[in-house]
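Listed below are the structures to be examined.
There are two complexes below, and they share subunit A, which is joined by subunit B in the first and by subunit C in the second.
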Partner chain A sequence: MPIMEHKSMAWRMSVNERKFIETALASDLRVDGRRPFDYRRLNIKFGREDGCSEVQLGETHVMAYVTSELVQPYRDRPNEGILAIFTDFSPMADPSFEAGRPGESAIELGRVIDRGLRESRAVDMESLCVVAGKLVWSIQVDLHIIDNGGNLVDAANVAALAALLTFQRPECTVGGDNGQDIIIHDPKVVEPLPLVIHHLPISVTFAFYNKGDIMVIDPTHKEESVMGGKMTATINSNGDVCAIQKAGGEGVMPSVVMQCIRIASVKAADITSKLKNAVEVYNTERALRKVKRHPSKMAHQVSVADITLEDKQVKDLPRHQAKMACQPYIGSSQDDEPKVDTRTSTNADGNSSGTHADAFVGGPSKWDPYPLRVGTSQVLGTLTVVKEEQVVSDDHRAVECSLDHTTTSSSGTVSVSDAMQKSNTSKSLKDAVKLKKRKKNRSSTTTR
Partner chain B sequence: MAPMEVDRADGRTSNQLRPLSCTRNVLHRAHGSARWSQGDTIVLAAVFGPKAGTKKEENPEKASIEVIWKPKTGLIGKVEKEYEMILKRTLQSVCLLTIHPNTTTSVIVQVVGDDGALLPCAINASCAALADAGIPLKYLAVAICCGLTGSRSVILDPTKIEEKKILAFAYLVFPNSPISVLPKGSLTEDSEPIEAGIITSVTHGAMPVVDYFNCLDRGYAACAKISEFLRRSMESQAPSDLTKTT
Partner chain C sequence: MNSMPSDSASMSFVDRVVVPGDHVLDLTGMANQTIKLGAGLRQDGDAISVMKAGKLRISKPNKYWVESSHKRYVPCVEDTVLGIVVDSKFDNFLVDIKAPMLGLLPVLAFEGGTRRNIPKFEIGTLLYVRVVKANNTMNPELSCMDETGKAAEFGPLKDGYMFETSTGLARMLLSSPPCPILEALGKSLSYEIAIGLNGRVWVNAASPSTVILVSNAIMNSEFLSAAQQKIMVEKLMKRLQ
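Moving on, here comes the complex of A and B:
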């Protein structure tokens, strides 16, 4: 009876590749063209919900989700909340990752991140206490490793931090009849609260080669399989060392370790600023989204306003195209969205994510050709001209990005997806109207 | 009987789907990958394979498919196991299993967002990923969710809130419509479409038989649209890098 051979999927580095990497490193060259102390491109994206982040560090791709629930505290810490980190080395990241129980590297990764966050008191635990000794908030961070391109610790750490920074837990008050009931307020009614985070511990990983002589930062997957030893230093932007992890591997001189830590503090400051910028962009978008929510309830009465929104959309298209021009990856994916459904999104970058709710309600009334025939045809006219340019530039971009898989946008996913939808309205406006008509005809014939 | 227009929360009509988006080749280590989104329901699927050997209970005369479903948060429970089983059986009927006997192809599904119609989204993503990996397929499977409201009208692609309110819903999977080499006229000869076989149908809740057939008709029509979209998206993307490094 044949048994499943996992070893057939285990990738072994050839001697040639190994020698190549080692020889190149001896002359300060890395296979992907970086210098020894350069990080790969870091992309931080956020999902629609709070506490949902996606980080890409070169080819490594990690997703983090933060959830919270009320639980009983640990008996030896009745005043503190609970922080749990759950790492999932998904089999999709690497053929050698197996589903089921986490292996040692998964556990090690979880522990390093946990140490950086909990023991350095980065996340404030006491603010999570609701009723001392009885109820506290338990924050669970789920890290999913989607693609293993090397240096999982750093990518996962940034993902966890990004998710924690944007997470908001529901507000709860102690009240009720006997003054003991906990009332959890609906996030739509009462503003949820962000977590209190004192500082951001950033982990920086070094790989050692040639008996500790050569060190590089942010090793790729191939460099990791050739390395002699590895060290992760978790440092915050204040220069405090939160954790250092060097588990076995080649012996390294203490002077080298000190040098690594010094380099790490510089890199940590850099990554902290990137992280803070990304979070700020996301927060502004979220705030705008909340502001726009109320008008959407009255949108279906306001058919006149719909047309003005369209005009604004047309005007902003050139600006939007300029924005799209610097996002080749998005270009390829947007080609795949012909939009069976006629979804509109108003555009200005600030409003774009904001009017998701708007778009839902305003959609059909906007595109319905019967009452608003004049308006839509005018818009179609202006948009077709733009559409040609858009299509050409899309094709151009699509060809470019088949070779380069890295995303370049570091703004929120929300704005990206809206960008996709938005430029699709220009492409598929006519298609959308036609499709909808056909669909109506088809449905009427089948039911008759 | 004229179809009753249902007022849906997000303003769609009963026949409108949410915006679809399909991106293939999103991962670097996986042999094939695809990210499929229908509105806020987003699923990432990755394919590895074929690997040598099959599990003990599988038939070594054919290739076998292994599905791993990863929920967004939390541990794997019964719901996930059921999804794995349905997905596995659906994909087994889509793939040409006799080409590579005694091998295992792994399909890993990661839920990125769940806003209703999760299983159809996952099936669509898995098929796109299989196509991206170059696994030999008979045809592509296209999935849709049809819901039956209290007023006995069919709505397509319900969101999570809608799924909770409606009477019953069905996940339907059809093979994608082939581009026929026959002249156009012959397609509508008997006013019957050529390949109308249902690959998978999973229903939740009780619905009268007539309404179920209604759902099937609507679902089939909608799947024709989705398969058009799928075909367009596969044709438009430049051929993915065939020399993938493992």
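Moving on, here comes the complex of A and C:
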């Protein structure tokens, strides 16, 4: 019968490696070429859905998912929501991880991250309350360890924070017939809300060697197998210590602990800025994605390219779009009939205005926002001129050319877009709107 | 899944990536020739089909095989590998060679080995060994002697640092003429290296910084071309000075 190896002994370290790592550390050298207080490269990515993040810290790979549901609150905290952290140490991450019940290190990791978020009140629990004593939001963070390359705590902490920062829960209001029903609004209809996060507790892990004399930050898997002790300090960028974890291992002097905390606060500031940048990029990209959700409506919106329109604007859009079709003929004649004739003749030529007519009928939009944005200022300027001279006629062709007061003037469309703008859009969208407003005003004044 | 009708057409598959199911050679036109098939190839009636994904290689006149790179090692006879001692039994050392099963190293498989001078290896000792028997149903058998019974550099490796790579990189490091990365590093640094076909590489040098430099350079050179490897080593040397 062949001799099989025992499962828990599947990864082995040779004596040579062990000795070498220790001797190299004595001369301040780490095996992967890093200096003792250097972090490995941190890479934060997000998934398609809100609240889904993937963090790579060197070889360590962790994913976090945040989900929410409405539950009854705990009896001793009727006004607060619930935050739960669940860790899944997948056996594909490390040969020593076993499927099924979480082992000691899995529970410890979950507890350290949970303490960092809960005790420091990083996530605002009271904003998660819907009906005090009856219904609150329960936020569950699932951490999946994909690859164990050492220092799981730090990577998992960053993943949890990234997921919580980008998570949005559905808006829910109390209403209904008796005023007691909870209505959860569909995220596609009502903008979901982000969580209120006051600060970002970042965990920084140190490994000790040689009876506490040597310490390094962010140990790799091999360094972790050789270390004498480990300490994790959770600090935010303001320098507040949120949590410290030192479970067993070599004893260290209190001065060493203080030095570690000082180093950790520097590193925490660095990681916080990286995290915030990544979340910012994701938020802008998500906002852009949301705006591009309605391509058929987009084609009609001439003034501001990146604002979604509500339904009441839709029926004005065909008219608005037809204004663009009328554009080359503005100023050529005063009444409808000859204008309409010339327009149809040029439609046959395959003018760009023809495409607008096509889009109006409901076919696929061939309208491209960016080149036309240059022309919109001119269009709007001319449109305002037309508005004063146009006469509304009765048949469908006239409908296309007629201008409606509520939507025609450039200033009118801007006010519409302002109204459309939701309070929680990101900074970049607001800037975009303001920019266009300035452009339109400038152009309208020049063409007049 | 196209079968190539002529010998010259099968040449078009050589040195190219093939996947399981490809028919690389049609035997209908080759009645009197013998063809030797190596790893990853199988005779399927009248055609030779591929079983493992990798690059098809030929050694003239008639040896074909598929070369692939993995993290796990499948033991083959006459391979030299680096093993780590896991346990010692009465007549065998149990040695881990990154294979599906533990290798067995007989306690007498050393030059001049008798029952009286059995070496004492503690758990975790790194050994340079040779695979003597490899069968996918039994534990592979190893030896610290070459065929003639001499020690020939086999045995425990002292000091130094060991790291793990893919089997493809290990084969590239062992190719002759010597791999560009090893030559370039050897021009400016002096170091000792032992390469196992199971993907384990041992490096030793006078100072730890040299060892770290050599090991990181080798790990980063897996997908670089010869020229890129030389450039990388030049850059590293410049940074040192």
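Operating definition for what follows: the second predicted complex is superposed on the first by the 287 of 448 C-alpha atoms of A that agree within 3 Å, B and C clash if a C-alpha of one lies under 4 Å from a C-alpha of the other, contacts with A are read in each partner's own complex, and residues count from 1 in each chain.
Here, a contact is a pair of C-beta atoms (placed from the backbone, for glycine too) under 8 Å apart; a residue touches a chain by one contact, two chains touch by 3 or more.
What you see is a predicted model; the values in this text were computed from it and never measured.
*Asks:* Does the superposition put A:N210 against subunit B (first), subunit C (second), both, or neither?
*Replies:* So A:N210 meets neither subunit B nor subunit C here.
*Asks:* According to the contact criterion defined above, which of subunit B and subunit C contacts more residues of subunit A?
*Replies:* Answer, by number of touched residues of subunit A: B.
*Asks:* Examine A:S14 and indicate which partner it touches, taking first as subunit B and second as subunit C; both and neither are also allowed.
*Replies:* A:S14 sits against subunit C, while subunit B stays out of touch.
*Asks:* Can A:N238 be said to touch subunit B (first), subunit C (second), both, or neither?
*Replies:* Once the two structures are laid over each other on A, A:N238 reaches no partner at all.
*Asks:* Pick one for A:D88: touches subunit B only (first), subunit C only (second), both, or neither.
*Replies:* first
*Asks:* State whether A:T67 touches subunit B only (first), subunit C only (second), both chains, or neither.
*Replies:* After superposition on chain A, A:T67 lies in contact with subunit B alone.
*Asks:* In the superposed arrangement, which partner chain does A:D32 touch: subunit B (first), subunit C (second), both, or neither?
*Replies:* Only subunit C; A:D32 stays clear of subunit B.
*Asks:* Under the stated touch criterion, which partner chain does A:N277 make contact with: subunit B (first), subunit C (second), both, or neither?
*Replies:* So A:N277 meets neither subunit B nor subunit C here.
*Asks:* Share the list of subunit A residues that count as touching for subunit B in one structure and for subunit C in the other.
*Replies:* 2-5, 9
*Asks:* Per the contact definition, I'd like the list of subunit A residues that touch subunit C in the complex.
*Replies:* Residue list for subunit A touching subunit C: 2-5, 9, 12-20, 23-24, 27, 29-33.
*Asks:* Which residues of subunit A touch subunit B in the complex?
*Replies:* 1-6, 8-9, 11, 47-49, 59, 61, 63, 65, 67, 88, 90-95, 99, 140, 142, 144, 146-149, 221, 300, 332-333, 335-343, 360-365, 398-399, 402-403, 405, 417, 420-421, 424, 435-436, 439-440, 442-444, 446-448
*Asks:* Residues of subunit C touching subunit A in their complex?
*Replies:* Where subunit C meets subunit A, its residues are 84, 86, 94, 96, 101-102, 104, 122, 124-126, 137-139, 157-162, 202, 208-209, 211-213, 215-216.
*Asks:* In their complex, what parts of subunit B are in touch with subunit A?
*Replies:* Those residues of subunit B that touch subunit A are 1-3, 9-13, 15-23, 25-30, 33, 37, 40, 44, 46, 48, 51-56, 60, 68, 70, 72-74, 102, 104, 106, 108, 110, 112-113, 214, 217-218, 221-222, 225-226, 229, 232-233, 236-241, 246.
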